[in-house]
Amino acid sequence: MEHLIPIGLNHYLTISVFLLGFGLFAVMTRKNAIVVLMGVELILNAANINFLAFSKYNGGMGGVMFSLFVIVIAAAEAAIALAIVINIFKIFKSVDVSSIDTMKE
Amino acid sequence: MLSLIVFLPIIAGLIILAVPSSQKQIIRIVSLLAALAQGVVAVLIWRAYDPSLPGITAGPGGSPLGSFQFVEKLPWIGLKLGGLASLNIEYFLGVDGISVTMIILTALVSAIGVLSSWTIQKQVKGYFILYNLLASAMMGCFVALDFFLFYVFWELMLLPMYFLIGIWGGPNREYAAIKFFLYTLFGSVFMLLVMIGLYFSVIDPVTGNHTFSLVAMANQANYIQDAILGPQNAMWRYIAFAVLFVGFAIKVPMFPFHTWLPDAHVEAPTPISVILAGVLLKLGTYGMMRINFPLFPEVFHASMYIIGIFGAINIIYGAFCALAQQDLKKMVAYSSISHMGYVLLGLAAGNSEGMVGALYQMFNHGTITAMLFLLVGVIYDRAHTRQIDKFGGLASYMPVYTAVVTIAWFASLGLPGLSGFISEAFVFVGAFSSITTRYIAMVSVLGIVFGAAYLLWSLQRVFLGKRKADAAYDLEIGADGHEHIHFHDWKGKIDLDARELTMLVPLVVITIFLGIYPMPILGMITSSVNKLVEVLTPLAIR
Amino acid sequence: MHSLIQLSIVVLLLPLLSFVILIFFNRRLPRSGDFVGVGILGTAFAISAYIFWTVIVQTYDPAFKVAWDFTWIDLGKVPGIGPLQIKMGIVIDNLTAIMLAMVTLISLLVHLYSTGYMAGDKNYGRYFAFLGIFTFSMLGIVLSDNLFSIYIFWELVGLSSYLLIGFFFEKDSAADAQKKAFLANRVGDIGMWLGILILYSQFHTFSFTEIYLNLAAGKFAMSNAWLTAAGLLLFMGCVGKSAQFPLHIWLPDAMEGPTPVSALIHAATMVAAGVYFVARIFVLLTPDALHVIAFIGAFTAFMAATIAITQNDIKRVLAYSTVSQLGYMVLGLGVGAYSAALFHLVTHAFFKACLFLGSGAIIHAMHHEQDMRWMGGLRKHMPWTFATFTLATLALAGLPLTSGFMSKDAILAGAIGFAKVEGGGVYYLIPVLGFFSAMLTAFYMGRQIWLVFFGESRTHLKPADDLHGAHHAHAAHDAHNDLHHSAHEVHEVSWNMRAPLVILAALSVFFVYSPNPLDGAQGWFMKMIQTPATVVGSYQTATEPQKSAVGSQQSATEGQHSALSTQHSALEPQKSAVSSQQSATEGQHSALNTQHSALTNERQAELAHGSHAAHFPAIYISSIMVILGISLAGVVFVFKIIDPDKTAEAIRPLYLFSLNKWYWDEIYDATFIKGSMLLSKMLAWFDTNIIDGFVNGVALIVKNLAFANNSFDKYVVDGLVNFTAFSVNTTGAVLRKLQTGKVQTYVVMLLAVVFGYFVFYFTRLIY
Amino acid sequence: MNSPTYTVIFYLFAALTVFSAAFVVFSRNVIYSAFSLLFTFFGVAALYVFLSADFLAVTQVVVYVGGILVLLLFGVMFTKGIMNTELKSDVLHIIPGTLILAGTIAALLYTFYTTHTWKPSETQLHGSLVERIGFETMSHYVLPFEMVSILLLAALIGAAFLARFDKPDNNNL
């Protein structure tokens, strides 16, 4: 119990692990493309937490800057992804990812 | 400057990549502009070149700057190979008299090739991207002074060539392409082995590391005594020389490795034939002069006789094979085998006259054979056949074409006053002056006669006399009452049109001018060649 | 730079200018620009006439010589040799001046003549352009001072001859002839080139003067046989160009070209270039080489004469007589009658050009009828042509009071002297052949004159099937007209074709060359052209003592050494710079003279003496021979005492042998042409089937191995194969299952693998 | 700063983040997931504050909550508007999914807590980072900064291009 207080690096890592796991789970299992996107966002957040945590306890600015960029890129990615989703719907008349298997054979 | 001239075409290729493939004209113009820019840079290099610096080996203090020009030297790849050693490869470009002529030739021929690619209609975008890649690779081979870099460019050349022959070629193109590819790959694999061996036996005097720099390799003092290719391992040095020589000889091509050439030429589209004969063949002999001989001078001195014999075989054998051909393009292909034989003979002579002749022959063969292939392409565009016996009497109907063909043919058979003669003359002068190759020269002089024989015979059968009964064109009485000919489904001008003239006239002018006053080229190469001969002559004789 | 040099450069470049102008603009110029050619050649002739005047008439000096050269190629500092440069240059001595005047004059006359002869041809302008480039290259040969540039112009002359022979290229015969001429010349040229290479490989220079100085200084490192070989190989160039046996075959076929061209190139100038070249290299020819040359010349003269007897084509008779006369010149050089041979070169150039132009006039008048059997009776219709033609014929036959008499007689005298000096025996064959050929010459020229000009017109005798011979395209229909009323159509040619005939005929009379019609040696020519001192005498005395009297040999060698020392002194400054070149050449020329005096080159002295002694016998014999020949011709053709046809029947084999030109063409065709064709076919087959076959064979072998292996599997371990197939099937099925195309499935797999790696990693971490 | 309040607040936010994230993943209704994602983002932002990256926290709130989330919701509503599919979204290969989820989390946590060799350096980040971020952006990271902005621009344009309607030839995009 003593290693729950004080708050250390492991706490943040743990949170990020959970976020990562959930995100992966969403990406793997959910059929709705938008939920898949949410999963991706979760993964990105997990990564960010890691970056910041390490950079805090390491004292460098690299992690901070990197997570900043990650956020920006995440925004871009979300925009593109939604556009793609809309196109997918236009073509396949659904946002069900599992029904999109034209790559098969 | 050199990086510029090397990478200009690739830049053009990238630009083309952005152009939508429907815009054929833009694509062509872009690559033409790139080729012209390359030509401008080549001219600048030519003007700024200082013929007094010898090149070949390092200048004073072991630095290449004293003897090479336009040197660009950057560390490129530096790998720690753990226990082995550290692999440090440099991006090392430089020019001496041997390569500067080749640079000019390459720029010229690639520009001409772009012009003659104008008629390519199939997948223009892909064609020109590959073409520009090829142009860059060739130029890179000629300016690279780092063996690894040279090898990279050398291999980079194969790929576009393979596709250019294999996609845009004639009916039997796949066979020809794969043959070309395998042959050359066979050669370059050995080259790779020798390259590694050399790397571990040479020490850069300046840095003290192993090095791929050809400049350092060309100085026998830089070799580790007991290294695999060091002076003490005579046997391995002989083997390495032979293997390397085969690698280059395939490119030349030297009998008996020449059979890829006729197929490749017959199948390749005209511009590719021009590039192939105009520049690629030179890479073989250039490699010999730059790498093969100066790195193993004593082996070269021991094998001059054999090289000379192969040269003579090339000359005579190629001439005879050309004499028997029915396909005009195949005849020209064999004629270039014969002419590269002169280069080999001149190199085998091992003295300045011979080497100068060989190098000058490389340049002239580049221009002249380019002309020959362009001319064959002209008639092929019109008649869709190259069979010699399908023509006859063309001289009456295509006077300008006949005039140009006559000049080209006579230049190819070494008529004085045209550039081909001077180089052949020097080759013979050198080969005869050196006691080693004297009798070989006496034999191979026969090549002059047979060269004249097949060229004049084809000239007569195609252009002189009257139209043959089964000729590939019809006679008709024009409006002005004179006889004209017209080819089936050929809409264009019967005689040479403006584009073809713009391709041919510069070559004709160069051929005549260099035949009368060769110093513009010779002046640049003599000092380097003398230096090379000095390097090649063993100390005992020196 | 000497003013004469500048003038000669102008002369050299003028015809080139005419070529350039005409080849590009002949369509735009009026009259296709023939006046350009004629005008430019007129200027060139005027200038060279001035040079001739200055050199021959004003400075009346046998040793006159000016030289000038410039560095053409600079090879830098060559290892083992030092600074190496290749120079081009111009040398003017008496011979050059004479040749210059002769070439430009004949060229000018031929230009003028062609304006009439070639009128109306569709490539009229191009024709004059080709004449221009020919004249240019011929002048180049004449002016060159080194072997390299001579070789260059040599080949250029071959080119222009190629272009002009094939001027009517629609005719296959013309195309064949031009190819044949060029190739035969090429064969000669490679010999010449090898000779040049031998000399260069020793001295690393091409210049005549330097080579001779080095030779005289005994710097020739190789054996004496190599020197002889060098001489003979250089002579091969002459063999090709001057149509000596065995390369004479091209010259008669070259008559396919326009007749003025035959006059200019294949009679007067180009074929003489070979002789001129031998004269230039005369000093380095060893006695052995000279013997070979003499025999070749004599044989050629004789063979060509025998062939000429039975030819019917008017131009072919002249062609073979040209070969024969060239044989005379070569013979003369071979026997050491240097000046006589060159004298014959000049005289022959004029009267043979006159003969060809005359025959051209006849052919023109007869509407391209070339067969003498169908001519006759032209005396009345063409008086001018008749007169000039006859005069030239007499000169060719060598009757007294003509130029030909003096020159030919001098050569024969030299031959006799040579035979005496060489100690008789087989060497007497040379003069004998010479005299016999003189008789034959007289005979066939008499025959020609008779057949062409006397008797009645035999045009109507021509069999109809012969109309479509190898004549021009429109010859046939013209000849049809001839059938009916040719006699009325034949008329004298116009002035521009007549004037050259007259001038050339005038130049073949004796007083142009010598006051004494019996002795050319008193004329300015033989005084100006003197036999130069050989530079290989030293080798002779060294290697063949029996050749020269042993007694005087020591003195000879000593004197020669002194001469050599003087030479070195002259040699050094000459090596130095271009500016001091001229004075230097003067200097070492005198050095050569001193050497001549000191070296006491007995062989030449004896030859000169012998030929002088043999002068009058030669006159008698040759005159008798000529008279014999002409009278024989008269007996046969005028008085019809002997019927030629019956005689031909009587000696049919000989007749056919001569009529078919000794079957040389057939022999060559059977051996060389067919042989090389066969060889080329064989090699091509070898290339495609053996070498390339090997390459493909390797691939094929590998493939077949695979197939064999495959069949082995199939028939021996069938079950294994089946099992393989089955397993492949199942795996394929499974894999297809995996390949769903759903992105998320892939993600699952990916992560599964990653997770698997984790597990693996931790297990390794734990244990 | 190891006061218990601090710890408690941290745990609060951590729990908020994790649970809402779980809800995002496990709820069947897209709308619900979207809203719970909002809470997740807030929680993460709070954690950023704990990590003394206040600027990032603000950015997180602004960009994610104000941008991405609205975008997502917009997309949800939007698609709903144009398509009348129900918002329930079912799942596929749930078993491997759960396995991997559990496995990954377990493995990572195991790693963290067994190999606890983190050595926090003496110079940790403290206080507000805005100024330093500004400096870094303009000095070290100016090139990435520019590139990212260009990327963003391109992405927005591309998104607009992709998402546009009424082009009959959209099908071949």
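Note that the chains are named A, B, C and D in the order they appear, and that numbering of residues resets to 1 at the start of each chain.
Just so it is clear, contacts are C-beta pairs under 8 Å (C-beta built on N, C-alpha and C of every residue); 3 or more make two chains touch, one makes a residue touch a chain.
Worth saying up front: this structure is predicted, and the values here are computed from it rather than measured.
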| item | value |
| --- | --- |
| Distance-to-centre winner among chains (Cα means, whole assembly as reference) | B |
| Comparison of A-D and B-C by number of C-beta pairs in contact, larger one | A-D |
| Most remote chain, CA-based centroid, reference being subunit D | C |
| Centre-to-centre distance between subunit B and subunit A (centres being mean Cα positions), rounded to whole Å | 57 |
| Chain centre separation (subunit A, subunit D; CA means) in Å | 6 |
| Cα-centroid distance, subunit B relative to subunit C, in whole angstrom | 35 |
| Length of the line joining the C-alpha centres of subunit B and subunit D, rounded to whole Å | 60 |
| Residues of subunit C touching at least two other chains | 742, 744, 748, 751 |
| Overlap residues in subunit D, where contacts from two or more other chains coincide | 92-93, 96-97, 100, 104 |
| Subunit A: positions in contact with at least two other chains | 24, 28-29, 98 |
| All pairs of touching chains, each written as two labels joined by a dash | A-C, A-D, B-C, C-D |
| Contact footprint of subunit D on subunit C as seen in their complex | 742, 744-745, 748, 751-752, 754-755, 758-759, 762 |
| Partner subunit C, residues of subunit D touching it in the complex | 92-93, 96-97, 100, 103-104, 107, 110-111 |
| Touching residues (chain side subunit C, partner subunit B) in the complex | 72-81, 84, 148, 151-156, 159, 166, 169-172, 174-176, 179, 182-183, 186-187, 189-190, 193-194, 197-198, 200-201, 204, 676-677, 679-681, 683-684, 687, 691-692, 695 |
| Touching residues (chain side subunit A, partner subunit D) in the complex | 4-15, 17-26, 28-32, 34-35, 37-39, 41-42, 45, 48-49, 52-53, 55-59, 61, 64-65, 67-69, 71-80, 82-87, 89-91, 93-95, 98 |
| Subunit A - residues contacting subunit C, complex | 24, 27-29, 36, 97-98, 100-105 |
